[in-house]
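Written below as structure tokens is the structure these notes are about.
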């Protein structure tokens, strides 16, 4: 409690270090991420899967409008957790960067480059006054020159690369499943299976196509695509069979 | 109460996260929306309806001047709840964007594009210092390339798409009616009926043409139009008959 | 009192919402309006009347210098209540806009357009830091393309249109008189009569030409003019006769 | 006291309204004016007189350097009370505006125009942050196209026109004298007499040429001139005679 | 004490008036002036003298480097009291203005013009946020078109003209001596004598050439010069004789 | 404790000195460095070694993505401790500077020049408001015109040159090992050995290739290279043998 | 104590005067200087000596990297005490100014000019908000057109010229030695001796070449040079002999 009170003197702005060298506003932005639904990414030599839990909503909501998995470019997608409006701003920025790269160099933007540029934007919002950090994590999946890649950027601007990673409110449970079951030789379909098993673990009610969103990039055809509801349904069904 | 007091330390600016990752100023702006009268939107393959409750006013007020439903472009309209002056600023911005789109690309602005652009403006006002969030929600209705669309943007900048949605002080009651009675196959007249039934539920006194404002876009003729007082009266009358 | 104290934590800047979604600085600016003397506007198909109470002053004050009713353009005038210097700033801005409209489009500025532009300026001063809201209300009267119009803009930037409206310290009493006696078919002289009767109600001492200022625009000749002292005197006299 | 304490929460910046709609910093700037020595202006069809009390100073002070009455243009002068350095800044601005008017339009700047422009500058300093209001009042005297004019601008930016007006620490006493003795038909010499009688009332010791500064503009020759010490002495002497 | 405490609420920034219309930060800057050593200026038809007390320092200090009397132009000099670094900034500014005047108009900068420009700079630092007032007074001496002139500018930006004036920590004592002994007909040597007698009064130990700095401008040759140590010594010696 | 409390009044911004002349925000940024894992650099006439401890992570993390040792240019590398996102920003800046140097002067950027430029950037963030200091230390290693060089820059912007230096949470323990065992005549392999022995001391569990990252620049071939996992493994094995 | 508490209300920003006219932040910056090791300068007609104590450091530190005496130009050098990173920023600025002077005027920058320009930069950081004063003192030594010069600039921006001066933590002790032993006719070698004797007094352990840094400029050859370790050693040895 005493510690908490000490901390509170240094937590009103992202440009103030605490005596212990902490940036509390950045930590609080991480809390905003933890309020988002779970999202995850898995990669192997076969490609990358980005998946996200979707909130159960009124039937009047258009399911497709509450996207958590976004296409950025032919070979690039992101999955997000945290403040939805913040996510859209950075998604738009990512798309702009991908377009500019194609215009300037006639080349696809590499996943690592995108991760570094998003990370740099986020860092800026933790060191300059008059703004707040972005309250989101991005999982960036894509196929680079040689292989599939999966990056995470957090509100501090730190970027890391993963074989498989989960973010959001049930990130820890999801990571346990991923660690238990991940295998480097997995094919696209196996990764989709793993994504669904993992989300099934963290979704409170029964998993179904309305609660799941999946994007995939195959290392072969190098094309980002979102899975259709019926394909997701089918995959869930086959999943149940194998249980 | 203790929680409330803790919160109050982080609620003076939109650039400060609370320790729980909340942006209180954005939440307070949502309260400003809840003080606005109810507005609603309904869409189907036949088109989109935007409707709003109007406050009972002195006879000296020009009824048409207290608009809550605005035309943005031939195929685009918005209904708003919250701070009226904030609504007008964004309405003007929306019209400007629609005009620019026509000038630059000789094309109508799509409802989704408008929703994304309004959402981006709103998000900016939640992340930078020296301003406050917009205290309004927009329901954006229009006919896109293939079908009618209905979007909501809230003060955080989040956008969502709905089959039918209500905003403002009696949003919850209204949503209940919409959920009970909405059908995807509804024609324009059925949607107007549903809008009136819904508003009748939330307006304290008897509904009449002076308390209701309705805009409609038919997927066929693709033309936004505001219903005349007499047309609204007639629709209300037929409504009563059917009660 | 407890409520007042809670409110006081959110009332030092116009860019801060209270937990209830209120903008206290905008409300306080409305108080500044309520300290101004009463002004009123009345319109009918015959034209528009703008009238204002004038403070009783030392004989050494030049009566004409304490204007509350201003000509903006041939067809446009405003009456104001609130901070006099703020009123002049916006009056000048209104005149500039009218001139620019004539230069650019060779057309008179419409009352509604002026109301919207003044409203937009006022809204800006309620959403950005480092400034305060304008402490005035404007009644904008003019003859548009088809008919006479009367608009009000308040410190929040909200605009509304009226058949007849009063602003300032005795606005409520004045509105009661207007509601009782207003008729849509009134001619210019009848509206002047109504304006005088209304002001007579709110002016503490006997009404006389020195306490009243009147501007009028006839829908026919479409020309704003201020009534002369003698014309006002005459109108007051005829008024007394009819009492 | 309780009121005072409430007020004190809203009086640190000119961009904050109090709950009663007051701008305390503007009121405090008015107090700065009340600490200045008395100045006054008188006009009639014959012209304008601007006069000011001068502080009794050490003999080592150059009397002419402590000006309170300034020439602005051939036909324009000002008398000031309040912060001397603020007065000089606005006096310089006034001179610049007069010069620019002559250069651009080959015309003398009208007293009303100057009053409006000075008022607009002052208003700006009451509505934007990071500055304080001007701590001065100006009496602006001049001969316009048709007649002599006398304007006052106060720290809020409000402008008013007077037949005769006094500002500064003894403004009230001075106004009483002016109200008692002013006559619209006064000639220049009669106005000088009235100015001296008025200042004699407010100057604690005996009036003499060293305590008085007078500027005059005759409607005929339309030329601002400062009275010489000997002319003032003579006028005071003749005044004594008539007592 | 109670007054002091009230004042302290309004003394953190130069853009805040106290309820009594005071600018405390400007007053505090005047205190910084009072901590500087005494400086003085004397003028007559024969010319101007600027003199300053110098602090007793270690022998290792280069006496000439601790200037308080600066040449600005051929005909212009200043003597200062207060914050030494602030003085240098304005001295440099003064020199720049003098050079620009020569380049643009091929004319020497007049003392009054310099005083007005320095006053305007100082005033700006008392009305805008984010800066503090200059903590210095300038005595500006020079020969204008017709005669020698002596101006003072204080931290508020107020300028005044004197026959003789003293500033700094012992300004009052010095002014008493000047008032007793000043005569308008004094020649340059008599003014130097008066300067030395005055400084002798305020310097705690015996006056000697190391404690005194003198600049002079003769109305005839119109050339600013600093007195040499030996000339000052001689003048002091002759002074002692006359005692 | 009392001291701590006094300090807390001056520790919210990097532009405020404490009464003792301390910049607390800069000190707190040093604490952020102390939370980073240990990194070290060693140089001799043979070249430079940069090494860093890597955190033990989930197997799902791509080991190579959590770099602490970065190549900047052919002859330049850095090792960092502290906030990872801050490190990346400055690493990118360093690379930009190296590229510009090659473009402008067709020359490699010298280690000292880079150290000075990074130091200057960091200093700026300790003297200007609205930002926070960088929470990182850099060890900059490279081969200059004549010899290998190793520089450290800390959050204050101070730069120093070392034969061998360690930074991060176990910097002190590491420095002890380095001081004990460093020899100026060491070859590249000996320095790698020393780096591994030092890291072995500070890594809590057994050292292995996954916990260590090493970059080296040979004075001969002047080429920065990162050691491969197998080379590191081999070096660790040979290390164990020699134990 | 009471005084201390009063002061604390005015010590958070360099743009706030205390009621006594003090600038506390500037005083606190002086404290930062007092934490630096002692540096000194001595000049005579023969030239200038700049010397500084060096901290005893680990053997792994490159001794030459912790410079306190810097060459600025052929004829100019500085010695510093205080915040090392601040010193480097101003040293770089000094070098830039020297280069620009050579490019523009083909002339060496004079020591006085450099002192005035560094002083002006420092003053700016004491009068404008959003920055802190520089926490360093500079001793600037050089040979001007006629003779050797030695200037000091302090954090307030004040500059002074000395025959000999010491700054830093033991400045007072050092000044006592300098005052006792300085002679105006000293040759370069005698000044080096005096510098070493003085530093020997203030260095706690025995003086040796690793604890001392010396720069010298001979009035004859007009070339700044740093003494080599061996030359310093030799000078120290000969010093011991003479003891």
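Order of writing sets the labels: A, B, C, D, E, F and G. Residues in every chain begin at 1.
Please note the rule applied: a residue touches a chain if its C-beta (ideal position, glycine included) is under 8 Å from a C-beta of that chain, and two chains touch if they have at least 3 such contacts.
Values in this document were obtained by computation on a predicted structure and should not be read as measured data.
Separating the centre of chain B from that of chain F, both taken as means of CA atoms, is a distance of 55 Å. With centres taken as mean Cα positions, chain G sits 69 Å from chain B. We define each chain's centre as the mean of its Cα atoms; on that basis chain B and chain C are separated by 31 Å.
Among the residues of chain C, those in touch with two or more other chains are 129-130.
Chain-to-chain contact here is organised cyclically: the chains close a single ring, every chain touching exactly two others.
In ring order, beginning at chain A and turning toward chain B, the chains are A, B, C, D, E, G, F.
Interface residues of chain C, counted against chain B in their complex, comprise 9-10, 14-23, 116, 119-120, 122-124, 126-130, 150-151, 156-165, 175, 178-179, 182. Every residue of chain E that touches chain G in the complex is listed here, in rising order: 8, 11-13, 24-25, 28-35, 58-62, 64-66, 83-86, 88-89, 92, 125, 129-135.
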